[in-house]
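Same chain, two partners: subunit A is paired with subunit B first, then with subunit C.
For the complex of A and B:
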């Protein structure tokens, strides 16, 4: 297991700065100067010289064979430079082959453009390159495709129907993954129960919908062939390597020839690979090798593709450099690599010129990322007194047609599995997981990709409480891990440390909610025909979680988790922090500068955060996601800055002929404690290092870095949400008179930024419950392709959201816990529970998350259900 | 805020291009600079602003008039530039997000207010919100909380849940709106923005 760097550093350091000048303050955002004045650089703002524009021609059919494609009219249009179809892309690229498959999973092998058939509305069939985006879109209108429609799969019931042919014929059926895990003695536990309650829950499909759509600019230097790929991405290094392995298309022989004559490349790669394999030996050994053998058995082409990909990548002449400056939101969606990315770069390389693609909103709604569509049947074994013994759960997840790259539903279903028991003491747990294919857009990670475990569990606990005539809060408290049970262990494996304070957040929420007073108000309101309700939901979130968290999700997948952060003293005395993180709204430039400035005794403006350039940032495949920016990236900034401080002071000690232990840094000036008049600056130190010929590089005097994974064996962010609702049975509209979040993420780096993350997440939960739905009709025709159909909540729909912070002091340093995803995890169950509470006297039971006005009226019996 | 489609429906002198003519010359004042531009008659105003003028602060979130990211001031009114053709902007005065801060970078009071309130996160929607706020405070320097919510409901933000944006407008009422109220009581010539000046 990885040792906790935090603990080591805490013990080893004798020269830590006085903490807390900036950390803990709601420091105003460094990003604002450029972003509020319109001077940001989002990908649509990037216009290299001579750039031309791309548009995709997409399938209007949900499922059809492509019989023929006629490009003549499109190509004849003035301004059209080229059109590529699947046949070209087969020639120019390697297909997406499974990089991270699970045992019992079939991962389709597919190209950036549809080759023989289309599998969902919006499936890209051709890319048109033209002198302007308008002309490219005009040409798309002129492409003539002859289709032969095929039977569609619209939902998991159809996907399970063996009479409907497989969307991916190399698989026997539309079931792509099936697995089962049992923890504890499930049979015995259920036999011992006084009651077994069973319910099936169904969540609708929603979409991430950042305000900036997807897009990229493949910039090619026509002389050198150098590739700079500007992208709206969460993970530039991931994108870089997938672009590299997808767009290099040589024969294996050619690649080997190139390698043979380029010993340097071979040596460098060999050394890198050896280091990685040695360091990650234990993690990698946990991977289940049957995954690859099963995959290859079903689709032998996988092996050939993977093999060629490997040699092509090794022998590549040019790896793209990926650059991203400002990114307009993502919520997970830009952590996936797009099929369009590979096609765009392939076209640009083929034309040897820069090409830009900015998708429109309808494309984003159709295939920019969709999520959450799953059904779960849960059985709860309970005692008369409300003790919960165990859960049995069956999950079916509808991944749509093409798996997202690189993370897909196989992994997400296992995240749901790991977290479903929540902060509760279960004796046993059984999870059956199934992932199916359908003729819909990509299911990808959306803000807490496992969130429906909390929805189903917290919804079900309310139902169990009602059945047992116990209050929902009492039932939760009775079964939750409290201080007396910690440290402990989830039934699925992950360790729980003393800072797992879910129970404390619930206690505080109960106190804030004042239930007795609410019950009086609720009864009074009902006498005048008003339906008030209250709902709770509690969860703990691995942000980043303990050492053994990923072990419980999917052994071996933690090989890429540790994050390198570089701290640099420039030759001019400036300080830079280099991160693999890619901020897209989380305000890293502010928070990381707070952390570094405190460590180094300098001002926030004296720290430059370097990100979003694969040529100039440390390697890391995850970028920003998984609520890791605070805990992992932030911890890394703390300790790399501390290391830099030590190196600066060592140098200053020589310069000043003083003992390093006597030195301090205040406002960027290094001096002997108590003698502020005699001081040296960072520039003096940089000059001294450089003049000795010891500069780290042509640009920098000192470079140092840490590789960091987590602070101690905890990393749980905990929270309880409470929602109050007022349900109008005339109209079916629900208002939220009050919403409270009690959360504990440990020490906050910047409270205003933490609160922004929480409120934003809750708003998306409110949207998902009442407004947002990605709709396909019974033939998988896409029905929600504009913002008039897919309703994003506005300022009118989102209420005030009150936040209470517990900020439990952690036992280890830099134990910041992530808050990016939690808001959206806790809100749907709290809202659903509140609505059911308001309508309970009508016998209403809520098993579908989506509650638009018509559904409310149907549930309440005001109108007849369809 | 007026219906963004009103303007294009009511004002069409330059749009009446002879059949078959694909370009037109327009005269437009943008952020205090007046110039002639030869433009394609089918070009949207937002594309004209972003591509021809290079003012990329005006963002395109949906290109169908719902999200409000492309909001600009046209003769003082907040309009969605994605829903207008550039030809419709002939002989108008436009203010974009780039026209607010001082040349030395000093933020406009509305921008300053959003900075102080931690208004935005990814900030892709920010230019639209800033321009909508400016139109609101120009016409109603001291709106109520409910009026603020209502007026801002034509702009979508996916990051913040709106809380900090609404706080930002409330701060802007202090930093800008009340100043305007005082100004409008005394003289009308001292406006801080170019957007409401008569063309």
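For the complex of A and C:
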């Protein structure tokens, strides 16, 4: 059904405009004038009348029981309005309960503030509301909490230790999830192997660090009680929904009474739900219906919370309007709903006044979002000739203390599972997954949440190549899906179409790299004590992936993936596109305007992108994330604009007494082909519709929309990264004299923006390898609370990045594939491989991602490890 | 007249309601952000006023010059001084003066000002070479030499420069002025022998004698970061080509800037050769006892100090054109 949407639209509309006026051009960003002149509106710029300010009092302990809290001194401070603790929040809100669970998963149920114990440094204990942020922070210093420290869990080894008590006592241990999947005949494949190579890789914890921290303003109209929640979010509709179900405290009986007297609401909701359920029956049926059993057995309260969630979804009168204007980056972190969000809104509702919270950097580093901390042991079954038969992998992920909402490591581990075989032809694959709890900040999705599948695989392939004395590029080419193997299927299930061009990116990268010349240079450099290295990494990324992609991750979850895009002709003749996407650095205003302008034959400046207001944008829970902005949102813009064009032309045909097939739109003027002198404008059309009394709404003449999933091909973005390094074994410093990315993201809407996304991703990969690390000491004390401790690379640390685009000619329309995440997926393994290549003659084997100068010298045997 | 106002930083209304407070409120709130603890703010216009205030308030006062070290510490509430005495508006403290063989940098001379001055380049070349390593341009535009010395960050460049060149710090109080030799000034992590009632009015260096060889070497995680390990090095050769005097003044390796005295002594009287420099480097690695932290291990710092020693000595010799 989804596939056909693209094709239908293509066939139906013989009036498709000549494409390519704007799409494909490096059009200057529409956003820049506003953002670079300081005229953006970030959440910190929102100041409703009489707004008061919040600060959170946070735990200095990694793990402790709260014995008592004394607020008296804080409350006595001039300017303090209120202080709420966990006890109040238990009364004012519903807890976060898992909306979906995997089989064998336990997901803790918890409140916005710590209730009986704190579980990591930075765990919020109280919210202070005062007339200024300074006063709120002064009051925070006066709060006196009596703690009883508890044993801490700092890493997954401790989490696996049954003698250390569970952080979440309702679970018997600190293991929250365990599962195992086998694809193909794993035993037989390993028995057939000439060699089995095994290695354990360990990735450190890093932090999503957007320029803008988290923050929100809960604006309450004290008279009407109307709630507008201004937020730095990636996903306004999700936030709205979770805020509503978390702050609605009516009993089920009250909710039912309310619904009984408000039948319209029930009907409307019922109809929507019915339509959704009917339409998605097949998708939803794939859901494991027994999945929640484990959860409910361990914590029966889950059932009550889920019931309440259901009724609150129906009956809540507390649905806020969520508004987000400019958002200063997120890298995934603002796709999660924060505990602070629920607490802030609850406090504002209780006080019946507007409250503002802007997070500071130390809070953000402690709990704004952390990721990537996992260990994987991989065994590779290989033949003498370098044929790779299969992988066996054991994964342990450290989720930290509180699960992120709504996506947590249960999902991420399954994404890693689905993608780990990469673009290689494996016969069999086994994956054991384990998620543990520890006394650290939230693990949440960070630009390519599954990225460590590529890191481990591409790192391991280099090791296998070395063991078999085959060149790493040859080993990759030998085992990769090439054109002769396509269409094909990953061993984990997802379909691979002919546009999956990973092998082509590798071939181009090999050509660009000129390995023979490099090897000569490398050998020469070594004679004067310089250590040069080169590393490759190839991956394919589901951006958005084929129809059966999510089935391989977590069956049933694809029901939520299609995205609605509205195209609208205003009564004044203006054109707007409305999206559930929430731009936060991806340049949607530019790219979506390019797409719509081309479809409609108008200028970029004549398209207005409407986003970030739940009252005025189509519903969608995903917002911006998952490399979907181009393929899903962008495709939706193309086809909804095309529909709008058709409707405009139909109306113009009547007006002009011409056949619709003879009409064309050039520079916003509608005219009969070949007769440019006689033309109508969009305003003429809007006026005609309105005067006939057929305007779509009070604001708009014509409204139309599509619900869109993908272009119908595989939706794979492919890439090979090549990194050159120069390792100084006196100082352990590594320079990157050259960095190349060869990529194929299908048709580029705007090459400059594609390149910007890739460069930013590579920079974060360089950051992860050489600079960024979220450090906890052996008692889980947090060591990275400032930018003096957590090092983000600056422009000075990032080399020139050369980008080659393959842009394989599209086999389908709107063949845009995501590029938001890939840069960060390919770079860590390419860099690590290059460093190992430079130090290979010293017998160095790199199994950890983070390589600061100290570690380089330790690995090379120059200094002793401490 | 001393302009003293008590305010809660960032709470502009409080200050704006006070007579003549509005401008100041705007200025302070902009600079400080919104999260500093409350403090009283004083902005004397003359040195005498400043010294008087300092004498009156005593322990509860903090001098502020460029604010580049003090304000970050306050914003994260690690420092909570009750009084700030902002000396930035005092006239006459912002010049670089030369008198016979002495060069004096006033308390308000910024890093950028010193960096751009031909006097620094010609007369205090080691200082000139250290400047680009200090933070970033924006920080150098505001931060002051004396502020850096008074702050005494063990990983900062200037305390090590002062120590290498035997600089003298000029401290003033209502009781008068005194000179403090650099080697007597740095007493521990972020602490100095400056008295509560004293402020630095300047720092003075001897003009570099002809033939002075200098080098600054530093390893920092990123461009502009504080050093993991750094070295300021001064070498004087005698007419017969032997080392006449040497200073190896390290930063980032202890709680204060520190000189590798044993290694220095071994250099003096020796003929500078690559082999000697290897030996000296090893000696340095053994002599120093640096700390471990999240950015580098102690072993790393020991090793790197040796590497930097070799590089600094080679750099010095390259200025003579002879290295045997």
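Observations on the structure shown:
The working rule: the second predicted complex is superposed on the first by the 860 of 866 C-alpha atoms of A that agree within 3 Å, B and C clash if a C-alpha of one lies under 4 Å from a C-alpha of the other, contacts with A are read in each partner's own complex, and residues count from 1 in each chain.
What we mean here is this: a contact is a pair of C-beta atoms (placed from the backbone, for glycine too) under 8 Å apart; a residue touches a chain by one contact, two chains touch by 3 or more.
Computed from a predicted model, the values in this text were never measured in an experiment.
In the superposition on chain A, no contact is made by A:807 with either subunit B or subunit C. When the two complexes are overlaid on their common chain A, residue A:783 makes contact with subunit C while staying clear of subunit B.
Shared-chain residue A:796: touches subunit B and subunit C both.
In the superposition on chain A, A:726 makes contact with neither subunit B nor subunit C. Judged by the touch definition given at the top, the superposed model places A:211 against subunit B, while subunit C stays out of reach.
Applying the stated contact rule after C-alpha superposition, one finds that A:759 touches subunit B and leaves subunit C untouched. When the two complexes are superposed, the chain touching more residues of subunit A, out of subunit B and subunit C, is B. Of the two partner chains placed by superposition, A:90 touches none, neither subunit B nor subunit C.
Applying the stated touch rule to the two superposed structures, the overlap between the subunit B and subunit C interfaces on subunit A comprises residues 134, 360, 786, 788, 794, 796. Subunit A meets subunit C in the complex at residues 132-135, 137-138, 141, 360, 362, 730-733, 771, 773, 775, 783-784, 786, 788-789, 791, 793-794, 796-797, 852-854, 857-858, 862-866. Those residues of subunit A lying in contact with subunit B across their complex are 26, 28-29, 31-33, 35-42, 44-45, 134, 209-213, 326-329, 331, 358, 360-361, 584-587, 752-753, 755-757, 759-764, 786-788, 792, 794-796, 798, 800-801. Those residues of subunit B that touch subunit A in the shared complex are 42, 50, 55-64, 66-67, 69, 96-98, 100-101, 105, 107, 111, 114-116, 118-127, 130, 148-150, 152-166. Partner subunit A is touched in their complex by these residues of subunit C: 8-11, 34-38, 76-77, 219, 221-226, 228, 292, 294-300, 302-304, 307.
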